[in-house]
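Both complexes shown next keep subunit A, but they swap its partner, so subunit B is in the first and subunit C is in the second.
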Partner chain A sequence: MSKHWVLVLSLSLNSLAAEPTGQQILKAVDANITSDNKIIATKMIVRGRRSSRTIESLSYIAGTEKSYTEFASPPREAGTKMLKLGEQLWIYSPQTDRTLLISGHMLRQSVMGSDLSYEDMMEDPQLAPFYAADIVGEAIVADRSCWILALASKSQDVAYSSRKLWVDKERFIIMQEERFARSGVALKSLQVRQVQRQQGRWVATHLVFKDQLLAGEGTEFIITSLQLNAEIPDHIFTKSMLRK
Partner chain B sequence: MIQFLLKGLRRDRSRSLFPLLVVAAGVFIVVFMQGWINGAENSILGTNATFFTGHVKVATQAYHKESAIMTNELALTELGHLLQQLESMPMIWTPRIRFGGLIDIADHAGETRSQTPFMCLAVSMAPTSREHQILNLQQSLVRGRLPEAPGEILISEIMANNLQVKPGEMATLIGTTMNGSMSMRNFHIVGAINLGIVALDRNMLIMEFRDAQEFLDMEDAAGEILGFSPDLIFHEEKARLIADQFNQGYDGADEFAPRMVTLPEQNDLETMIKMMGLFSSVAVGIFVFAMSIVLWNAGLIGSLRRYNEFGIRMALGESKGHIYATLLCESAFIGAVGTILGTLLGLSVCYYLQVKGIDISSMMRQSGVVMANVIRAKITPATFVIGFIPGLAATQLGAMFSGLGIFRRQTSELMKELEV
Partner chain C sequence: MLTIKLAMRNILGAGLKTWLNVAVLSIAFVTIIYTQGIYLGMNEQASTALVKVYYGGGQYWQKDYDPYDSFSLEESHAPLTPELETFVQQDQATPILCALATAFQGSRIIPVQLKGIPPDQKILDLPTAALNDETEMIPALIGTRMAKSAQLNVGDLLTIRWRDVHGVYDAADVKIVHIMRTTVSTIDASVLWLPLQQMQKMYDLQDEATLAVLTQTVQPVAVTADWRFVPPEELLADIKEMVQQKTIAASIMYVLLLFLGLIAVFDTQVLAVFRRRREIGTLIALGMTRARVIKIFTLEGILNGLLALLVGALWGAPLIWMFARSGMAMPDFVDNMGIAIGERIYPVYGAGLILGTSILVMISVAIVSFMPTRSISHLSPTDALKGKHR
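Our next item is the complex of A and B:
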């Protein structure tokens, strides 16, 4: 039994006896999100003010530090590749045959016109090390009983100063989320539409990500295939892969 | 009588010289200020029209509303059809795309050597296009040449120096497509330009319109279509008529429907024009008031000096009203001569500043205001006549107030007064 399931199971047992703390729930959520290696094929439907587009990509992810993504469609985006190594993100454009390091204010730009920024992509998926969590209520989201967690950042080194999470009490998966700036302005929101059990783990396979500062209906993410704990050769996570 | 008055003015300098100098100085200031404000207004309007507003601009309602963020997501589509429709209207129509992004220069290994944000203006550089003339591109060229083939761009001289690039080198541009995707393309820098506007020269880039369409995935689309009068002079009434005629054909409720607006309706220029007009009127008003007081005072002093003269003239049978009228006549002469002198002086200085201008670039280094580096005065027909309002009005008002003393003189006391 993997480490994360020990944590989830122990929390589930604990919850029968006593209410877990916000921080414990957050750790269980982190444990559910992270896996060793995964290969994900996704479909991203970007709904703008005038039209919508579908972008397909294949990502190789190793832990929280390394990821490699190659876009397959639409034709204009096909062949664009992204490589994340730790805190650095490179993008390769076949039209220019150049690899650029995405840094500074470019990190706040939209990924392929979606509601997701490069900063969002770069973010460590683990929340517990960076946020202090408190349970502030309970609610039903998509027929699932959830805790509502209020997260406050522990340091200034994060993209969002605070967050609000709706966490499924049984599956320890985020069903809904709101992300806020230091001023309290809502910046991004996330809603999970579908959850599936994949290789013994609950995974959100269809979700809607919305930049609250933009008009439009948000960006839908649909996981079309997922391979957890996959074998990924090391050379995938090298800059030379970008120009291949 | 007129000859008598003129002789008096010529021979008694103390009666005419001071009021004449006051009128000339006041008129000079008014004429100069009118010419200068006119020049500044012309410069701001001209710069805005050339780079941002045209004499009229067609864009979607949403684009007009969010013009500050220049989002091409709200661009005009079906451009060909729109241009065809506009052809029947008597203006030069030129589609443009404005967008921002990053310019990246690679080193020999393909890694980033230098990088900086840019603002791009994409215009048609076809031989039939009048954009060269509108933007004054040839004269703005500092080195290199104008784009002739696809994939060629001009960058500002300041940006070229900051990036340490020269014409002939390759640059990678990173922008955002009409759909919001990141877009990257390589372009050849073929020339460096200096547009003479600090706010634009910091990071301006100019590219061929069709290149921008391809780069930003804007097939048959443009951010805006600018319209210029064929003589390149803004005619407000004509522009308003064309805009009204165009807008009648479109649904005002559809945020993506095209809408035409005139130059003053954009970038708060109407407010600025009104403010400048108000400022001119207030300046003239203040000078009329101030000069009237000074001339009133001068008239009072003059009347004291000419106490005996008026007394004798009354004793000889001249009526008070006639003396008052001659006093007003004298002031009209002084006003007219002073106004002509002041206007000539004001026009000379305005003409000098119209030709030479004043370079304000050192004051604009940190400014974001789009204004030419060299501000020039502008002489218009109004500059020739504006000085006559304060020049004649102030002298007449001054004389009218100071001359009232004549009516207080009592004929019965004249002999006693004259003995003194």
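Our next item is the complex of A and C:
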């Protein structure tokens, strides 16, 4: 039995006796999010003022440090590839046949017109090491009973100084999230619309990510296929893959 | 004197042919001066505007600052050195803090550069006093280009998001308190000017700056290795280089115009030597040296040039004076080229330009006038008298 399921199971058993602490819930959420290797096929629906675009991609992800994504459609984005290695992100554009290192203010730009920035893509998905969590309430989200967690950053160098999470009490999966600036202004939000059980793990397969400072309906992510703990050859996470 | 008289009588006697040569040469002469004046005016106008509103008497840059590399901006800040602090306290310098942020306007994301400046500074000709706004909002000063591209008016609110020095996100609304009109796009396009102290607080960069602009009357002093002085000449080098490149491109037109004029003179000279060979033979037979005959013919050509300068001055001077005074309206696209020119460009016609162009025209005319006459040196007077020519 994998480590994260031991944590989730023990928390579930604990919850029968006493309510877990915010930090324990956060660790269980982290354990649920992270897996060794995964191959995900996604659809990203970007809604504009007049029309919407659907961007399809296939991603290979190894832990939290390495990921490789290849875009398949629409034709304008087809062939675009992204490689994340630790703190660095490269993007290959077939139109220009050039590979660019995305850094500095370019990281703040939107990924293909979506509500997601390159910085958001680079973010470490783990929360427990960076935030102190407190349970501040309970709520029902998408017919699921959730804890509401208020997260405050433990150090001065965490991108979002506070967050609010709605965590499913049974599945330990984030159903809703809000990310705040230091001044308390809501910056980003996330809403899970569908959760599916994949290879013995609960996974959000349909979610809406929204930049709260932008007018619009947000960007939808739909996972069309997911392979957890997949075998991914090492050469996938090399720069030479970008120009293949 | 006789040579000049003879040459003068000959070219005036040639009638229409002479005046056609003179007309073409004078057009080339006036066009070169007129166009060069525009480029000189462009250089002077852009340099003056940049010095007034941004470059001052030079700038001290934090060692990592590179205006052409926006990636370097995040690291480009440091506390002012004691020497720079003294300059600031004596109103001889003004610190500026530069940082990147993102502005949100409806469904648009606009990458912007924030520039923090003390509202009470007197070094730069910027309406920064408007930043002394007493409201609770962060006041922002923008230029007309920024106002146009982001569709902003005075009193509008704009949400901006930034990451402080530790990488933490923050966001706030800024209030547009003033829209300035400037020819310098560097301080306008995608730029928001904020009060320095407020911006230092936003980025958690207390007492730090990216650059310090000196007033034009003060001499720079040596400071620590964290800062380096960039003199106005270095700051303006790009403008000079750009104008130089444009001048080089325009010189193709000068060459073509001058070539047309010179070919007319050359042609006239070749024809004169051929058609006036009896006259040449007579002059040599009467005892005139070949060198002197060549001199007369060359002088005739040169007189074409001199007449062209005179005629050019007659019709060109009023025209040039009028443009220098009222300027020339610039099309809108020039504003997007990054040159601080404005709506009108005022050409500058210096003595050096006029004298230089005159010398260039005269030397070229002298050369093409002389070249065809060389054949006179081996012309036999008897053959010439018979009308033969080898």
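Here, the second predicted complex is superposed on the first by the 244 of 244 C-alpha atoms of A that agree within 3 Å, B and C clash if a C-alpha of one lies under 4 Å from a C-alpha of the other, contacts with A are read in each partner's own complex, and residues count from 1 in each chain.
In this text, a residue touches a chain if its C-beta (ideal position, glycine included) is under 8 Å from a C-beta of that chain, and two chains touch if they have at least 3 such contacts.
Here the structure is a predicted model, which is why all the values come from computation and not from measurement.
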For this session: Judging by the criteria at the top, classify the pair subunit B and subunit C on subunit A as clash or fit.
Result: clash
Exercise. Is A:Ala78 in contact with subunit B, with subunit C, with both, or with neither (first, second, both, neither)?
Worked result: neither
For this session: Have a look at where A:Arg182 lands relative to subunit B and subunit C in the superposition and call it first, second, both or neither.
Result: second
For this session: With the two complexes superposed on chain A, say which partner A:Met122 touches: subunit B (first), subunit C (second), both, or neither.
Result: neither
For this session: Could you say whether A:Ser161 touches subunit B, subunit C, both of them, or neither, answering first, second, both or neither?
Result: second
Exercise. With the two structures laid over each other on chain A, which partner does A:Arg49 touch: subunit B (first), subunit C (second), both, or neither?
Worked result: both
For this session: Have a look at where A:Met112 lands relative to subunit B and subunit C in the superposition and call it first, second, both or neither.
Result: first
Problem set entry | Partner chain(s) touched by A:Thr99 [first = subunit B, second = subunit C, both, neither] | first
Exercise. For A:Ile91, is the partner it touches subunit B (first), subunit C (second), both, or none of the two (neither)?
Worked result: first
Problem set entry | Overlapping segment of subunit C (options 73-81, 127-135, 181-189 or 379-387) - the one that collides with subunit B in the superposed model | 181-189
Exercise. Residue overlap on subunit A between the subunit B contact set and the subunit C contact set?
Worked result: 48-49, 109-110
For this session: Please give the residue numbers of subunit C that touch subunit A in the complex, ascending.
Result: 70-71, 73-74, 100, 102, 104, 106-107, 109, 111, 159, 161, 163-164, 166-172
Problem set entry | For the subunit B and subunit A complex, residues of the former touching the latter | 62, 73-74, 102, 104, 106, 110, 112, 172, 174, 176-177, 179-182, 184-186, 217, 256
Exercise. Which positions of subunit A touch subunit C when the two form their complex?
Worked result: 48-49, 103-105, 108-110, 153, 156-161, 179, 181-183, 185, 187, 211, 213-216
Problem set entry | List of subunit A residues in touch with subunit B within their complex | 46, 48-51, 53, 76-77, 91, 93, 95-96, 98-101, 106, 109-114
